[in-house]
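Below you'll find the structure, written out as structure tokens, and then a few comments.
We just call them A, B, C and D in the order they show up, numbering each chain from 1.
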Amino acid sequence: MTSNLSRRRFIKSVIASSAAGASSAAWYSASAEDRPAGSVERLVTLNINGRKRPVDVMPQETLAHTLRYKLGLTGTKLGCNRGECGACTVLVDSVTHYACSMLTHSVRGRAVTTVEGLQDSSGALHPVQQAFIDELAPQCGYCTPGQVVAAVALLRDNPNPTREEARQALSGNLCRCGAYDHYLNGVLTAAKRMRSMGQIA
Amino acid sequence: MELVTVREDVWGREVMLGVSWDLLWVVLALTGAAIILHLLIMAFLSKAPRPSAEGAQLERHAGIDRGFHWIMAISVFVLLFTGVLPIVGVNFDWLTIHWVAGLILTGTVVFHVLRAIFWQRPKDMWVAGRDLREPFDESQKPGKYSLAQKGMHNAMTVLVLLVIGTGIALFAVMDTPWWTRSNALDEATLGWMFMLHGASTLGLIGLTALHVYFAVRPEKRFYTRSMISGWISEDEHKSNHDPGRWSPDQST
Amino acid sequence: MNRMHIGKDFIPPDIHGKVTGKAKYAEDYAVDGMVYARLYTSPMPHARVKNIDAEAALAMEGVVGILTADDVYPTEAPAPALLTNEPVYVGDPILAVAAVDEKTAEDALKKIRVDLEPLPFVVDPVDSLRPKGASARLEGNIYPREMREMRWAGSDVERFVSGQEPTGPAPTEWSYGDLEAGFDNAEVVLEESFVTTGYAHMSMEPRSVLSYWQNGKCHVYGSTQSQSFVVPFLARMLGIEQKDLVFIAEYCGGGFGSKISAYPVLALPGYFSRKIGRPVMLRITREEEYYVGSARVGFQGWIKAGFTKTGRVSAVDLYIVQDLGPKQAGGDASSAGGAVSILYQPDAMRLRDVPVLTNTTPRGPQRGPGQNQIAAVFEPMMDKAAQALGLDPLDMRRLNAPDSSATLNANQGPITSAYMEEALLKGAELFNWSERIKRAGQRNGSKVTGVGVGQGYHSAGASGYDGLVRLTPDGKLHLHSGVGNLGTYSYASTTRAAAELLKVNWDNCVLHYGNTEEHLPWSSYQAGSNTTFTHTRANHVAAEDLLNKMKRIAAEALGGDPGNYDVADERVFDTRNAARGLTYAEVAARAVSLGGEYSGESYPEDIHEVTQRAVQGLAGSGLIGVGKDKLPVRGTVPGLTVGFAEIELDLETGKHEIIDFLAVAECGTVVHPQGLAGQLRGGAVWGIGMASLERHVYDPQNGLPASVGYYQTKPPSYLDVPTSTEWTAVDIADPDNPVGARGVGEPAMGSATAAILCALSSALGGHLFNRTPVTPDLIVNHVSGQGQSFDPMAINSF
Amino acid sequence: MAAHDVMPDIELFQPVTVEDASTLAERLGSRGWILAGGQDTYGWLKDRAKSPRAMVDLAAIEGISGIEAVDGGLRIGAMTSLTTITRDERIRADFSLLASAAGKVASPQIRNQGTLGGNLVQDTRCWYYRRGLSCYRAGGNICYADSPEGMNREHAIFGASRCVAVSPSDTGTALVALDATMIVQNGDAERRIPAREFFVGPAVNITHMTVLRPGDILTAVELPERWAGADFYFEKVADRNVWDFALVSIAGAFRSEAGTIRDARLVCGAVECVPRRLEAVEAAIIGKPRNEETGTAVAALASRGAAPLNFNHFKIPLMENLVKRALRA
């Protein structure tokens, strides 16, 4: 599109919006029929844990909000809602992100994996989850989903991490109980098991 | 449109932040309108023959006063520009220039006040009853200063003293070579200081514009000359002043 | 002894939900018609609410109602209020508003006008003690168990802030022995002034709460360390009978002392829900968790300690000004005194304590409240004394180490048992102390090696609580645990004492916990490291009751004397003829038909009303074993730990790296190795936080907190702790616990704090900062020879 | 007052061309907010400390992320994630200084989401300002940090003018040392701004940390060949090793010949509102070997003219030490 065209459409939308009053939603409906360049639709279909999930998403909505309160995926925890703890860590296209600090509208067309999406079809635990149980990694457990997701991401990138590499990879996940050692033990145990499983397969 | 801007203080209470700078445009518009109006009126009025600048030169302003006037004029302009340009979005390192110019202005004003009180005749600027007749009575001629000049001077005096006073108070919240900033002024007082500082600034902008306008008007230009070279001609004196109230000496 | 469960790892039933995300914490619940509450918190450190204008907010679409102090139970200063008309710190909740969604609720808050009149405030206890100092509350500025006004003379304040022996009056004091004689016998006498900043708990799960009313019962989904212990207090807060409270706290995302019992906001949705007739969810934000989530009590103090030629601690004179925040708190000082009295066994000791209120975050117990602050102060002094006496820091500690004959506190009371020297020796060997200590002070470029050992103590056990177990006709052993699930897994591990006695396979055990409707017995609070000792006892007692009942049932059914019967392989059998016996399933079935005490129709009177209700709820469902723990206990139950640390301190950046850390537990028999390891390592992480990271900063000019989020409070991350932390345990049984166990959760932190501070000190040639946290700027200032920027005794500035 | 936490009503635009983004931003003026990775955005909005009406998300725009070679140097799209920068082979090979700096930002997840542009234009971390107080930087007429008892441990020791906030950007420090050029587009017009002029202090503009104005979009950063493959040093000293901002950071670039320094850049972060170039030190080390002696000799020049506040005079020895280390390494 040429920027002139879009600019003209934009001017219209501003008129529409100011006419539509303060509420953002109102601005939306008002500008819906002739929206400015790049303004977003609210009804979107997300790819969550391999499933298509249609959902009505406000423009300002964070992914954590959508997951927890609209899709009922409460495994993604809100520890700080400021990107300072990692309890809301999810995978977006296999990369770790703080779901509290990204907009749901920015994951349209991308694959989102939450802790609920890690068990296989039979419901068997992911090796990381099993290893965390065997190492008694969680204490209070509130940071655990984030730790699990971060560990899974690491092992996809690097199936044979050193303890130091694991420590760096998980460093965006706070654990107030201080179970760091146990999580790292879990990561290394899981890595070993996954490698041996890989060899068998 | 608000006259002052308000914000929340450290505890979330509403306090005055200062004058609303939207008023800047109002002031500029009003001043402009006044000047245009005056231009039109003068254009329609029949022009009186202009007095000649020839002949004996009578002293109107002593050198020292002219010096004072121009130093003050420069510092006021510097202060206005350094103070207002950042507000309208022209960003530069303005604060030091601003307060240094402020100190110069303060110094000159203090000097002028002392000189006016002890070595000059303050009542030259006093608006007496009969001065008020000037606009309506052709025959009523002023002494050294016309009613308009007195008005301009006295209004300037009030505003300059106000802007200087608040400016000096605001030194408290600034780092200078002599002291570091303190929070001596609570946020409400600070708001008042900034409001008065800003309001007097707006007034000065208007008055200065008018002052400059009149200074360049053809029939008043000889006053401007007198502020540069000090003298007016006998003819100019005769046609604009009442010799009974003001009879200057020959300038040397 | 060959045991089935004690000393062995197991898979706690709640852990699966934790790794899969299925675990439901309070805020993960949602019910029909639920509305969302948000808090309006005080912008001022101390103020009086003159007027609240909520008209505009209530008129908004989607706003359901507001709750103010007038709607909730009244409180008397300094008890923590639910909502208040006299906010006493920035962030103190004044009112709550409920709406159909959180955004609307927050929009509504913006429209509420709260007219506040500022009142005098103070953020540093010493400033409150000054002749013209402000009081944190209208009722006074100190709280020696009651609110009072107290000021010092100007000269007292000056002496105190200059670090000299305090002359200001102290409202509380205890002592034992001849202090003067103690100092006279001393070869070395040290005097130090110190500051330990009290910082926020900041548990990972903010204390969100959901409440609704159904059939006259109030349902509360909350986050608490304890389960049964909360019930009476929460019921009282809500003004209802205990039987009308359904309390669900299946998971608790961390507490560390800040969620021991019922805290005010736990009752807020209950009140709000009753007022507006809708279920109310109160999601607490991270910043709000900082405000209402409690913090450690801060210490400003002075200490004088005498050491004999041989290195014995002969006398300790301890003076502590406590920063209590604005509300009820303050056991820390006497706990600190207690810790000194047991860890170093001084011949004479005195504790003076000035508990001062400040307009900062409310304080409460935090992992080793008192004991851990003083560990950070006294342990580095031990090294300083050792240096003066030419002794090895470890030997210095061995000389003073408490054994089972140790005494503590003013009354010099006895303890159950202690093996601190064994702990020191075991750790020293594993850590290779004698070699490492030689490296202390070694320079490598800009880095210096530091080596330190630290000790920790906390009383770790109580008694007199109830146990409840049940055998059902399907042969399952049901273990009812009133213990809260705070992340230590003690709710489960302590029930294994019952499974152990009854010789039941873990697979045949069913755990009930985390919900009053699971029929849970009365329990101690899950704090003070006491659960392991206390509830292995209670479970043992209940199991014994069940065992005896089984024998009686068997004897009745099969003849003979109950004394002839024993149990094995989930069978009760005649020891004279093993073939004659009943399976547990059969016994349970018989119990049901027998009724009476067997199936819980009747029960002992001395069990707590909470347990009585639980038994009533279970009556007729199987063979009930229930009882109150009346086993003997000869004294205080000590939980002891030692920490060993080697660090590398960079003198140019002030940063240090912990090369190795070893934690040693002296907590009797190890009940749950993995769980113990978790506590020791977690304690080490907390110790690192206290020693060098966690901050608590207030601006004295306006009472605003600078550290309200994680990136400001700075809890340790993966990269701030050692890559791996070692641990071991002495594992000598305590005589007063049926399985030989004592608790240990809290001291594990104090010993780590101490070890790291001692290591820092050793790296700096024995320099003591006498302050926590020791942040890089302190070290850089010290090394560069320029003074520190803060006033020596200032608190809440780090 | 409330501890706000949920995203308030705000419009979202996800344009696909820089021109559209620029037009939108210009139209919106102060009501608009340019959204890159958002890691400095959502806190402001959730706290309601800043209340723009609309976000212009740059994520969907093609051509402003990714790394390409340009005459001896590199051109890095402003929307390139910090993780990409830390891992890119070309950057690691020729401009490892930037890779190191980017690798020290916040936490892995934030580096995955956060962008170079966002890290450069992020706002300061002065806690008073972040609290939403109407201080100078927020358009008021007071500074709470630089007050008799202000808690200003993290604040400036140089270049304070009423406001004493410091630059929080780790990559900004590195880019000034690399003489990078910021490419800024406004509508169809493009401006090339030297990194050093990109950042502005309070004396010149007390409410903005960069020269960007409504309608400006930072589209790319160019690293000139000049420093490609030079000797680099980066160090960030912070309380915590994750999720923390520098107490002081240093970025050094050195060209040596026959054992002596021919050309050098030394830039300190977190000591001033802008990345502070240590020109006196740079000048003093030309022609000297890069070693301990040189470092010790020139360190004091680094802090000349420093004006510490109540709680931050530790920054003086700290930055001197970092200069020594940069020259020692």
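Things worth noting here:
Keep this in mind: contacts are C-beta pairs under 8 Å (C-beta built on N, C-alpha and C of every residue); 3 or more make two chains touch, one makes a residue touch a chain.
Bear in mind that the values here come from a model prediction, so they are computed numbers and not experimental data.
Most remote from chain A, judged by the distance between CA-atom centroids, is B. Highest inter-chain contact count (C-beta pairs) belongs to A-C. Put simply, the C-alpha centre of chain B and that of chain C have 71 angstrom between them. Distance between chain C and chain D, defined via averaged C-alpha coordinates, is recorded as 41 Å. Centres computed as Cα averages put chain A at a distance of 33 Å from chain C. Work out the mean CA point of chain B and of chain D, and you get 45 Å between them.
In chain D, the residues that touch at least two other chains are 1, 5-9, 107, 144, 147-148, 241-243. Multi-chain contact residues of chain C (touching two or more other chains) are listed as 43, 283, 285-286, 701-702, 704, 710-711, 716-719. Counting partner chains per residue, chain B shows two or more touched chains at residues 10, 12, 183. All chain pairs that touch, listed by label, are A-C, A-D, B-C, B-D, C-D. Contact residues of chain A toward chain D in the complex are 1, 3, 6-7, 10-11, 14, 17, 23-25, 27-28, 36-40, 58-62, 65, 81-84, 86, 89, 95-98, 100-103, 105-106, 150, 168-169, 171-172, 174. Listing the residues of chain C that touch chain A in their complex gives 9, 11-12, 14-25, 27-28, 30, 202-206, 251-256, 283, 285-286, 486-489, 674-675, 677-678, 681-686, 709-711, 715-719, 721, 723-725. Of all the residues in chain A, the ones that touch chain C in their complex are 68-69, 72-82, 84-85, 87, 114-116, 118-119, 125, 128-130, 132-133, 135-145, 148, 163-164, 167-168, 170-171, 173-182, 184.
Interface residues of chain B facing chain D in the complex, by the touch rule stated above, are 7-10, 12, 17-18, 91-93, 95, 173-175, 181-183, 187, 190-191, 194. The touching residues of chain C, counted against chain B in their complex, run 43-44, 116, 118, 701-702, 704.
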